[in-house]
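Working notes for the structure below.
In order of appearance the chains are A, B, C and D, and numbering begins at 1 in each one.
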Amino acid sequence: MNQIQVGSRLQYFVQSPTTLLLNISVAQNDHQSTSHESIEIEPFHKIEECAVGPLGNRLVRINALPGELTIQYQATVQLHADEVDSANVMESEYEDLPADALAYLNPSRYCESDKLFRFAGEEFGSLLPGYSRVTAICNWTFEHLTYTPGSTGPTTTACDVLLQRTGVCRDYAHVAISLCRAMGIPARYVSGYAVNLQPPDFHGFFEAYLGGRWYLFDATRLAPVGGFVRIGTGRDAADVAFATIRGDAQSTNLEVWADEQQADDHLLDPDNVQTAVSSV
Amino acid sequence: MNQIQVGSRLQYFVQSPTTLLLNISVAQNDHQSTSHESIEIEPFHKIEECAVGPLGNRLVRINALPGELTIQYQATVQLHADEVDSANVMESEYEDLPADALAYLNPSRYCESDKLFRFAGEEFGSLLPGYSRVTAICNWTFEHLTYTPGSTGPTTTACDVLLQRTGVCRDYAHVAISLCRAMGIPARYVSGYAVNLQPPDFHGFFEAYLGGRWYLFDATRLAPVGGFVRIGTGRDAADVAFATIRGDAQSTNLEVWADEQQADDHLLDPDNVQTAVSSV
Amino acid sequence: MNQIQVGSRLQYFVQSPTTLLLNISVAQNDHQSTSHESIEIEPFHKIEECAVGPLGNRLVRINALPGELTIQYQATVQLHADEVDSANVMESEYEDLPADALAYLNPSRYCESDKLFRFAGEEFGSLLPGYSRVTAICNWTFEHLTYTPGSTGPTTTACDVLLQRTGVCRDYAHVAISLCRAMGIPARYVSGYAVNLQPPDFHGFFEAYLGGRWYLFDATRLAPVGGFVRIGTGRDAADVAFATIRGDAQSTNLEVWADEQQADDHLLDPDNVQTAVSSV
Amino acid sequence: MNQIQVGSRLQYFVQSPTTLLLNISVAQNDHQSTSHESIEIEPFHKIEECAVGPLGNRLVRINALPGELTIQYQATVQLHADEVDSANVMESEYEDLPADALAYLNPSRYCESDKLFRFAGEEFGSLLPGYSRVTAICNWTFEHLTYTPGSTGPTTTACDVLLQRTGVCRDYAHVAISLCRAMGIPARYVSGYAVNLQPPDFHGFFEAYLGGRWYLFDATRLAPVGGFVRIGTGRDAADVAFATIRGDAQSTNLEVWADEQQADDHLLDPDNVQTAVSSV
């Protein structure tokens, strides 16, 4: 068990009454619990908290009045990521996939796996099935893309990125998810806080379903996988935007942090960017 | 309450061991129940039935051996679609949308609403909110597209269709869903059997969330909305394919039927293609 | 005959030896001639001038050494745009189009007319053929797009713009060109200097082939058509980039001007943004 | 000098008065001449012949009346393709490219080279410049695509094909052209007759500008490059469609042939699919 202090401070200038939907609270499950969790709004606004879907995404909705607005979230997280011996992790046969995993084979807005069956088959079809094949997909993504802030936008898809060969964390995740799905491996997007991510920011990575369980992967290799604190889980980034704004408000500042408080193992070490771990 | 006899017969030639995932069984909910439901496989194969998601999509999975394969599904359905006075149906404010409806504002594979905010705003932004605005979106879709079998394929999206101006039922639904979401109205895809659809086939239509409830719409105007028997509900057609094939099997024949057995009201009348009804 | 003083000053910081290909010199033809034309490079670099294609685009190629680089072009232009009575300008029948005009019916990189036959047909197919139909295409473009600097980039196409409904001058031209071609009207892109354009900049507009002649159009309505000084003519913006850079150089400043020196008619009046004129 | 008998028979059923624009006549230049050339229309229609552009594309325009229509073209071609020692063929520096070649660096409708700079750079940027780099591009195209009739359509682009990894001859040419342009090598599309192509059909291939001259390439490896009889030359397939139809006519049959009549060298041998030749 590792203990991590996470948080974020979002500042806006609200021009006219605006509803903000925030997905910045850490998810609660058997592998993640929080203590000292708080959300503060300055000036005071009533907030509504709601959970979405069976995956426990936690949303905060604020009807903001015009003026400056600061939202600060923080929590101390007890994280129990399970480290596994990846050599024994096999792919599940299609006929054995549980019903809940099937939807993560479907193409989604930013992961057009339905256009990439042959592409994926040619690049990864001859590899042995299993955890190592998803690693090969991550390696291919890491090697063929260049991490370039600003090179993509909110409507950029995996197919766009496969052609332009640049992107940021969400794009790396979308490419790897698409290639996994095209190979018949259920895959989904995860947003989170990440210990030792430089510069600190919200992070986007993914999970693949292998051998009856979801495993975390990050094709960017920017931070230790075992230190990922889950916020939201979805088909792709469309499902877990950290802030959705209806109205007229401009972001004026964003700070994010994720600091190791107590480490019982090596999972938070900066170099462990490819450890095999599961956190659901 | 109306009673409808629905069914489908799917025939395949299976070249090598193949898994078929079928989504052809009618959904079970407060508005739909079945009697005399059966699924027959010829030659005999064991089947696995599973439900997916909170919406009650029912899947049948078959591990098929090489050779001819016939699947015949049939059911007698008691359908209680609620007819409503649409004049009183308002849009929900964004701040009042329940958490479960929020995901249906997100863009999805075939409904790129994130690219259409201005398009939708210009065409429908000045209309009065409410059921009538979704009707206006359906009318626009009906008037600007030409129903042309074969003009689109499995990877065609709403944006493709908005440019080429032709499509089939799934494309009409994708366009209307995308425009609804871009206007802030949650919308989702529904597959089903449809009484009085000519020629008989599986049908695709959609639901929009208005005034605290989901309402059925069909921009094709090809069949009475009150006679739609729900099979599956999802983000878009990607979620409710009636057959997904992993392996090597060719479809050799498809028959679909949906026959009125007993009608207590006018909802099944062929002309009632724009009635305001809700069936969940 | 009107006399216009045009010019541009381009400044770069060249990191390593770089070739610049500039298309900023005004075209020479029966309707445009120059006096006092000069191009100055600071510091001194040898330049190569070459003409491309039958349309007389004039290119300047510079092999630039590292350091600051300033290119200043200026010319006094005698412009003889012919004003016409558009009521008498008809479309040419396809069978009568001269061979040289046929290529301007083909789709090009940023003008995917081959995807828009039905779109164009539905919007403009019932209108009377002739100059007025191209005017209708310009009006539609003007009314459905919002001029938004920064909303598009170098790879944005007409189809992208038709969906997102925003763009700048090159996008307006691409949309109108695409719709013209889809209607069977040859259309091509023209870059130029524009009198009374605010803020001053290079401008992009288009020409349509009607009744045996090319006519100028500008769907942005930002400047008087009769004051357009032609630089380059091409399939679309891909053919007439004002600067193409091979190497490593950053633009540090750009100034463009086009000032009326002597006006013999009303063609340069700021309001004459829809005059029917031909300048080739 | 090799002598080849080429021809094509196109049959249509014309529903209403229709203009056909055919690009099926072989080009005339220093490397290609014809004897016994004829074009027969059954029933008799007057035809108009015109040449387009500096590249000598020859068009035939027919205003067809309703009914059956057969067009038969044939010619005996004297073909002088120059075989070269490719080891000595270098790329031209950008600063040395002649003005006429520059347009073939621009992206075009089906060759979106402007989206592929990084892609091309990563795959081919470290290779030695010269003829061998274009060969590497052809090899990459050959190895990553599967030749699949029917897998693409008239609006399919190089980027589409790079993702779906299947196509026909025009798609192979578009991919290779796009990658060449993205590497700074001018490249253009050529349509033609091809000796020893199985099954016989019109063929699409390409030319790259290297060391001051255009060289023929064919990434499909389906027929000997030295036996290609040029019909049309253009930016991409949009410029050299063998038949463009305005009106209402359906193709009912198409036959194409290209038979060796006299061979003075080995260039027509079926295996010589990668010979270095130039024919302009």
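We take it that a residue touches a chain if its C-beta (ideal position, glycine included) is under 8 Å from a C-beta of that chain, and two chains touch if they have at least 3 such contacts.
Which protein is which chain? UniProt says A, B, C, D = Transglutaminase-like superfamily protein.
This one's a predicted model, so the numbers in the text were calculated from it and none came from an experiment.
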{"item": "Same or different residue numbers at the chain A/chain B copy interface, by half rule", "value": "same"}
{"item": "Distance between chain centroids, defined by C-alpha means - chain A, chain C (Å)", "value": "45"}
{"item": "Mean-CA-position distance for chain B and chain A (Å)", "value": "30"}
{"item": "Intercentroid distance (Cα basis), chain C paired with chain B, Å", "value": "47"}
{"item": "In chain A, residues with contacts to at least two other chains", "value": "115"}
{"item": "Pairwise chain contacts, counting only pairs that touch as defined", "value": "A-B, A-D, B-C, C-D"}
{"item": "Chain B - residues contacting chain C, complex", "value": "115-116, 118-119, 122, 144, 146, 159, 162-166"}
{"item": "In the complex with chain A, residue positions of chain B that touch it", "value": "19, 21, 50-54, 59, 61, 63, 94-95, 98-100, 102-103, 106-109, 111-112, 114-115, 154-155, 184, 235, 238-239, 246"}
